[in-house]
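In the two assemblies presented below, subunit A is common to both, partnered first by subunit B and then by subunit C.
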Partner chain A sequence: MQFFGGSEISPSPPVPTASGNNAHMMYVFNRNGVCLLYREWNRLLHTLNAQQDHKLMFGLLFSLKSLTAKMDPTNAEKGNLGVPQLSGQGCSFHSFRTNTYKLSFMESPSGIKIILVTHPRTGDLRESLKYIYNLYVEYVVKNPLYAPGTPIRSELFNTSLDQYVRTIA
Partner chain B sequence: MCMSHQDSIALKLSLIDSEKKRFPMAAIYSLYIINKSGGLIFYKDYGSAGRMDTNDSLRVASLWHSMHVISQQLSPTTGCSGIELLEADTFDLHCFQSLTGTKFFVVCEPGTQHMESLLKDIYELYTDYVLKNPFYEMEMPIRCELFDINLSQAVQKDRVAMLGR
Partner chain C sequence: MAPVGPRSGDAIFANVERVNAELFTLTYGATVRQLLTDLEEVEEVNKQLDQMGYNIGIRLIDEFLAKSNVTRCVDFRETAEVIAKVGFKMFLGVTATVSNWDADGTCCSIILEDNPLVDFVELPDTCQGLYYCNILSGVIRGALEMVSMKTEVTWIRDVLRGDDAYELQVKLLKQVPEEYPYKDDE
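Our next item is the complex of A and B:
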């Protein structure tokens, strides 16, 4: 299992190759499946209400994780399909792509899941997600008024997030 | 001397086996074909660790079918046709859906290129040797010898092309 940086924000965020408005939306879930944060920048289609949408997204990630853990072709000891796994255990995934969007996914050792939905042509966003995780640590976890497991209402986090996401190519 | 039909097939299969020994590197780990309702109609393993048993492959196939549909519902824009590429830590999964809803997907090493064209080739073989087979019942498991032979050749050719690169 990897660690995501030190205690301070890395001084230089991953260099964007071109500026553009590529991000559609972002979700942050904790390990219990509670949606801590939902931001959308450019979403034209809403098929479900917000709560159902979050549930469906968490369900998709959960099932995809158990699918990849079961499919892992490099490991013979995989256990049964659908067995709950701790974060960092078993083969996980970092992104998937459809013809209309790309979803990048990161899970921290404590079970925080960060999901970023972008244009399908965006490149590898693993570093960007780590940077967003660092923002979360700096502005949310270190905020003494924040109670863990409750929705994030931090003005500072939102503005720095918006600012950073705008630079993702 | 005239070779019977069965002999020629046996010869072809033994050739394929010898090819397999010469190229043990698995660029492609496995291939699945699922019908429009999510039932597994074809599964072939090309050397992944811990081969899946029949029940597990059926479960994985129908799970993939549902994930494919859910991913369409979560799209931020209209016109989404489901997951094309899933990048996991130890493998890539490329999926191709035909117009009739049959899905073909391969599990391969991370970063393997040209999988879309291989999937299109496999789709072509499917239309030629499965759909045009008068004894094949639609949506049922595929048991066609010619399909197996040509599929193995297509996969081997892809591997040889990869080694040549």
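Our next item is the complex of A and C:
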């Protein structure tokens, strides 16, 4: 007998039955906070305009990184919260999960940040993010017509991303 | 323990796409030749090669990081080793040695015994001031800048100028911390 309604306090969305619909959206930022790419596959709610949304996401990551480095119990050398760090210095987080989504994060030492928001039941995506980084190298960095630091407009890259993201379980 | 990056680039070199070495050498030679014709001044050619290298370097770093799985280097010493052992192997198929460290560990030499760029090359009398491989110094400078290190890269020895090896001096000027890029009131 249940007295207090469902056993789950914070209900998660149902597990998708068919694969291929797990990813919600993806961001790629460079070291200067420029949003190089934003892809959206499955996002119901838009509350902010695109620019504010990107800024908010970058700010979240920046603060969270600073916070995780500050909390690091294994490292004696840490500055005050908010003090600038060398890119990649200190520890960093890989992902966080809420009841409704999971955010996976990867940063290369060159400051490229790849963020993938997926269904909360998805597994460890670190290898997937690395794979996406490789796609970025092949389709974007090696494209001689792409000017570094500008938003990516590459159909080829988008297509291969869409294809790959569909395989993420 | 964090996973340690590779200490040699052999495995990566075996897996990346390669081009014919002679084609590569001759293409580079043709580029330098064309620059000499276009710019006329040897000094200008040096500058241009360095700039071209820089433009390559700022892109090449991402390919390097994506394929080599190198994690962040703890200090500049490790950085130099990784460039010499993994970087040069991965992109040029040769390895270099690192030596001549100064006391603070901010300045060192990368020495190349074997340099695929210079096969078939002799400097004529009119080009004595030319740093034929100046593109390499630009590449290193550009790549390091993308991982927050401002460096100065200069040639110390050059076989084409009668020395016994190729020696590049890499000097770390400063490390740039990551800062929040937006202003609060934006």
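One rule holds for everything that comes next: the second predicted complex is superposed on the first by the 150 of 169 C-alpha atoms of A that agree within 3 Å, B and C clash if a C-alpha of one lies under 4 Å from a C-alpha of the other, contacts with A are read in each partner's own complex, and residues count from 1 in each chain.
The rule is simple: a contact is a pair of C-beta atoms (placed from the backbone, for glycine too) under 8 Å apart; a residue touches a chain by one contact, two chains touch by 3 or more.
Here the structure is a predicted model, which is why all the values come from computation and not from measurement.
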Combined model on subunit A: subunit C and subunit B, fit or clash: fit
Which of subunit B and subunit C A:50 touches, first, second, both or neither: neither
Subunit B versus subunit C as contact partner of A:59, first or second or both or neither: both
Partner chain(s) touched by A:137 [first = subunit B, second = subunit C, both, neither]: second
Which of subunit B and subunit C A:31 touches, first, second, both or neither: second
Partner with the higher number of touched subunit A residues, subunit C or subunit B: B
Subunit B versus subunit C as contact partner of A:71, first or second or both or neither: first
First, second, both or neither for A:156, with subunit B first and subunit C second: neither
Smallest distance from any CA atom of subunit C to any CA atom of subunit B, in Å, after fitting: 9
Footprint overlap on subunit A, where subunit B in one structure and subunit C in the other make contact: 59
Complex interface listing, subunit A residues touching subunit C: 31-33, 55, 58-59, 62, 84-89, 108-112, 130, 133-134, 136-137, 141-142, 148
Subunit C to subunit A touching residues, read off their complex: 58-59, 61-63, 65-67, 70-72, 146-148, 175-182, 186
List of subunit A residues in touch with subunit B within their complex: 24-25, 40, 42-45, 47-48, 53, 56-57, 59-60, 63-64, 66-68, 70-78, 81, 91-101, 103, 117
Interfacial residue positions of subunit B with respect to subunit A in the complex: 26, 29-30, 48-50, 52, 56, 59-60, 63-64, 66-67, 70-91, 93, 107
